[in-house]
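Per-chain numbering from 1; labels A, B, C, D and E assigned in written order.
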Amino acid sequence: MWEYLTDSFNWSGNEGIWARIVEHLWYTFAALGLSVVIALPIGLRIGHTRRGAFLAINLGNAARALPSLGLLMIAVLLTDQIGFLPVLIALVALGIPPILASTYAGLSGVDAATIDAARGMGMTGREILTKVEIPIGLPLIISGIRSATLQIVSTATIAALVSLGGLGRYVVDGLKLRDFPQMFTGALLVALLAIALDALFALIGRITVSPGLKIG
Amino acid sequence: MIEFEDVTKRYPDGTVAVDKLSLRIPSNQITVFVGPSGCGKTTSLRMINRTIERTSGTISIDGDDINGKDAVTLRRGIGYVIQNAGLFPHKTVVENVATVPKLIGWDKRKAHSTAMELLERVGLDVKLAERYPAQLSGGQQQRVGVARALAADPAIMLMDEPFSAVDPIVRHQLQEELLRLQRDIGKTIVFVTHDIDEAIKLGDNVAVLRVGGKLAQFAPPAELLANPADEFVRGFVGQDRGYRALTFVHPEALPVKPLPDELALQDGVPLGWRNGSEELLPVGSVFKRGDSLRAALDAVLTSPTGCGVCVDDNGKAVGVIDQATVAEALRS
Amino acid sequence: GGGGDQLGSDKAGDSPAPSKVTSITVGSADFSESQLLAEIYGQALAAKGIEVKKKPNIGNRETYMAAIKDGSVDLVPEYTGAALAYFDKSSTETDPDKAYDALKKALTPGLEVLDKSPAADEDTIVVTKATADKYSLKSLGDLKGKNLVAGGSSEFKVRSAGLKGLKEKYGVEFKEYKTLDAGGPLSIKALTDNQIQVTNLFTTQSVIKDQGLVQLDDPEKILPPNNIVPLIRTDHKSDDVVATLNAVDAKLTTDALTDLVKRIDVGKESADAVAKDWLSKNPLT
Amino acid sequence: MTWIGDNLGLIWEQLREHLYLAIVPVILGLIIAVPLGYVATRYAWLANPLIAFGGVLYSLPSIALFIVIPAVLGTKVLSTVNIIVALTIYTVSLLIRNVIDGLRSVPPDVRQSAIAVGYGALHRVIAVDLPIAVPVIFTGLRVVTVANISMVSVGAVIGIGGLGELFTLGFQKDFLTPVVVGVVLSLALALIADLILVTLQRVLTPWARVATPVAEVA
Amino acid sequence: MIEFEDVTKRYPDGTVAVDKLSLRIPSNQITVFVGPSGCGKTTSLRMINRTIERTSGTISIDGDDINGKDAVTLRRGIGYVIQNAGLFPHKTVVENVATVPKLIGWDKRKAHSTAMELLERVGLDVKLAERYPAQLSGGQQQRVGVARALAADPAIMLMDEPFSAVDPIVRHQLQEELLRLQRDIGKTIVFVTHDIDEAIKLGDNVAVLRVGGKLAQFAPPAELLANPADEFVRGFVGQDRGYRALTFVHPEALPVKPLPDELALQDGVPLGWRNGSEELLPVGSVFKRGDSLRAALDAVLTSPTGCGVCVDDNGKAVGVIDQATVAEALRS
């Protein structure tokens, strides 16, 4: 594996490691972005109104049970496409539940007295959401996005099963060819990428979350 | 004046929390709602700023039905303080206080400087301004809550058991500060508590509610103690009612006797009682001229000589009063 | 790829062939024909009173070879040329009989092949009719300098019966190689969608005829002959097993195989049922 | 639909294998995570590194882990042990956090009373801390169980995937039915397992679902 | 007797929570530790059952150093009750109470029946036995906590602010019940509170601690009120100290006057005062013969006629007392 990693030939070019990392990141962020766009507003709505929580949470949980591999294959067969779209579908299905659940949890965890005070001082529903609920729920919202990211990053490996690139290419090719160094390299890079993204979100959390929420 | 006319609140589950409540809350005074748990105090209070909507009846402020106004606008003109303050944990102290001014569109600087003034006014060190609520003690948080409610200079302040989560000593301080503050600002304050002592201490008027949301009695505290309307109120105002009532007996001027030689003074301030030995006996509690009979009685009861010491505003002894005088005053 | 040999090959020792086998595990690769053959072998053996366990769909050659070497399975259907290329990467045999003999010699100790069947499923390199017309392609050599995109299995990319041979023997290089699957739906879909223009299929695949795909000639013989042959662990090679499998293989023909595979891939019948049907029509005496 | 009728035996076989592959790791993982979590609450400095390490392990792609394990353990490539070990690793790495959180969720005054009435250290963990941690541990248990059931399918890529094999089977033939059957059954399995866990949790924690406090009885 | 000798507790972070505390806690009495927040009350208490280990000094029970015993065994012989009761949420009420008996190896039946008896003893309906703590009110939980602590019949009970989380009315009930219970069981109770009223009411002796963990005064409550050792104690025992002290003045027998005609009675029980009109005026609070001067004074103060009514144990009026008599008693 070390040899594989230190061989500079393996790093460059459009099949090189750098290119694979960029591809992997692209799949990850595309899926993550779409998951956020779908799950965040729904989570915010449920958390703010506290209506529909039961349904959303249970649907979210059920979605966690969807096997990504099967979903990917169904997506390929149904869209009659190989390539990015089916992968995106499978990864988004993976990303939505944690974001939805933690956004809801973040908002519903806001102390009722705090919201009462906000309403009592004349904040509108929108103001309560943007000035009180979101900032206070932010740590949990971010942690939801963070765990969605981890799952997506690790599962984006399966993109290689349907001909796409990304770091999964090494894992899948390594698997097919019983080329262990290559496979280890892929797995390790995925894990490192996950750690790096995790650190990135930790940093985002540190920057955006009010220090007042971190005391005690 | 805030007026309740036949106001009823029935929750969706059928609970009647407030039942045909009619009440006039005078302006620029403190009116306290008191009563056992679940009697509808919070519900009554929150109907005033429409964070709870009434089921029937009318509530009006200075003659205008509050339903005629936009709820958000109404609330911005009413200060609201609750138990544990309900501070925004993600904002600093000064940001918390500046919330309403910013909401109503003041520029940042003005909101900020007003907030700083208010912090001083409620007795908070301005050094605390940049802290977050979690870094404050309960009593400090409560002060921030009061400052925040005052920030837009509302004519009305609603306070729901604001001091019940802090320890007795801090509670006492907060009560004193509220009274001091009210002397300056003269707001219309509606204050909810379940502590009858607090009600008596703070209220210009006290509304006693019974479970089911009915008004049992509405009266100034002295009246309440002297003439409880019924057994429920009598039970509620409790043991020591007679003694508490003395709080409101201000005998015109108790005849004060000249200072006896046994009272050792320093610059006029009483130090203790001489009893022949080296050590002085403690003075006991002292009272001021114009204080209530309660204070005078306590002074007499705590003094080792049976003579209570009367002092002026500077703490200098101006005379003493003995048990006979107090007993005489009690009789009258 | 190499590393496979380090796996469990020590377990396929030189244990002698047993006189009797009571139980056997039949594995197969991850494509329909292999599964069909495994079913046929399995059902034929079961008819002889041997307990048969099935491990279908293990994966590609590298994967199921690891499984037979470590004893996870005892028998898999193989193809002479492809298996030879696996065991002897330098082999260039293009004659069916010579390839079979070479394979026998190249096998890892502990593994053996039985008689090869007349039925064969050759690798073939195909393009669509449109592509063939556009670039006037007939033989592999015509691909040279056309800057096309190829696609197929991971193995094809590194084998001499693949990109390596194309480059060495024909000087053909592609603009890009997309890793898809071994003649599976991805490759076919990519080909028909023109995401790739060239891919590697197998002659028994009905899709070639159905879609009117053009098989390119291989004058330099980079694609090996691929007669069907059972690969078996020596420790399961009893006489009755050998006799049964040899009888099966003798009856198989390329045409029959093509029909049967079509029933599975297109007719969506199960390999199990199709195998049973064939065996009932071709009783082994 | 006729495909389903024709292949009931196969489907049943894969379903059983799937269940086995998913559940055994949950049980093993629980057996490992609980003592580990306990140790991490005893030695508080261990907790965060353990949780972080769990996070890293969890982010290893499952396919890779499935193949690495025989190389490391020397197991046979088609052995179910490979999947079980891999999923056990995932289970522990997820569950450890919940076990730690659960043990930490014991209210300090309850822990105080437990010490004061004279429970020994180990006895206290078993009789007081763990039962109280059950709801939090079960939250994690439910997540991993569902995740495992979904992840077993990936094993199909190396030939041991329970229902996942229906995915590859259907996919090779460009045939939706087996894939859908696999997904639906896998989903159903997950939901049933979840239901069983919820029920189990309710049975184990009758105290956690009682009504809100009743009025004071003087 | 529990004896503290020069006991010091210094936490790892350097905080000295208890500083050279020396104290003798008499057996079969209630000793209350009182003092402001953070003064080391909890620390002192918990050193007794070794849930906190002292840094230096000795604590002994009936002459034996507690460090000589196994901590677990020691704890099983000491009941412990804390705020919010600290009940095991996963056990039913009766299981909670039976915890210690089971720990020390009693068979299940005996543990169970003892637990049921104790529930009755602390005034809990046995119907609650199968409930879980979350299904009980705060006051009920607190009673279960007391029952649990009593279960193994320990000679010593440690109670750390047990009643501070319940509302004043329930707190009052719990205090009364504790006193009643203590009359029966006569345990050595060490009770922590920060409420001076509670300390005065419950304690046979009160130890006042000051921040830094130093003992400010150790005395019976009457003594504490009459002679606070210093300014700190005086400040702490607070306003109304004189009035509170009357609790401990039991004038041998106040001279009771015969019942006046104006007092309307029914079967000897006072109904109200006649004042000419149809309606009776309320009686006011009543006191019993042998009650403290505090009760007598309150009766006088609450009576509309200035005459306090004295009743016997059945609530029948036996006489009245007037303000002059009380004033006289105050003077002596």
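The rule is short, and it goes like this: contacts are C-beta pairs under 8 Å (C-beta built on N, C-alpha and C of every residue); 3 or more make two chains touch, one makes a residue touch a chain.
Source: prediction; values computed, not measured.
Farthest from chain E, judged by the mean position of CA atoms in each chain, is C.
The greatest centre-to-centre gap from chain B, using C-alpha centroids, is found for C.
Comparing the chain pairs A-C and D-E, the larger number of C-beta pairs in contact belongs to D-E.
Look at where the CA atoms of chain A average out and do the same for chain B: the two points lie 53 Å apart. Separation between the centroids of chain C and chain E, computed from CA atoms only, is 90 Å. Chain A and chain D, compared by their mean Cα positions, are separated by 21 Å.
Multi-chain contact residues of chain B, defined as those touching 2 or more other chains: none present. Looking at chain D, one finds that residues 71, 156-158, 168, 171, 174-175 touch two or more other chains.
Counting partners per residue, chain C has 7, 59, 63, 66, 189 as the residues that reach two or more other chains. Applying the touch definition to every pair of chains gives A-B, A-C, A-D, B-E, C-D, D-E.
Chain contact summary for the complex, chain A toward chain D: residues 61-62, 64-71, 73-74, 76-78, 150, 153-155, 157-158, 161, 168, 171-172, 174-175, 180, 183-184, 186-187, 190-191, 194-195, 198.
Those residues of chain C that touch chain D in the shared complex are 6-8, 27, 30-32, 55-59, 63-64, 66-67, 70-73, 181, 184-185, 188-189, 264-265, 268-270, 272-273.
For chain B in complex with chain A, the touching residues are 46, 49, 51, 72-80, 82-92, 99-100, 103-104, 132-135, 145, 148-149, 158. Against chain B, in their complex, chain E makes its touches with residues 36-37, 167-169, 194-195, 227-228, 234, 239-243, 245-246, 282, 284-285, 294, 297-302, 306, 323-324, 326-328, 330-331. Those residues of chain D lying in contact with chain A across their complex are 55-56, 58-65, 67-68, 71, 142-143, 146-147, 149-154, 156-158, 163-164, 167-168, 170-171, 174-176, 179-180, 182-183, 186-187, 189-191, 194.
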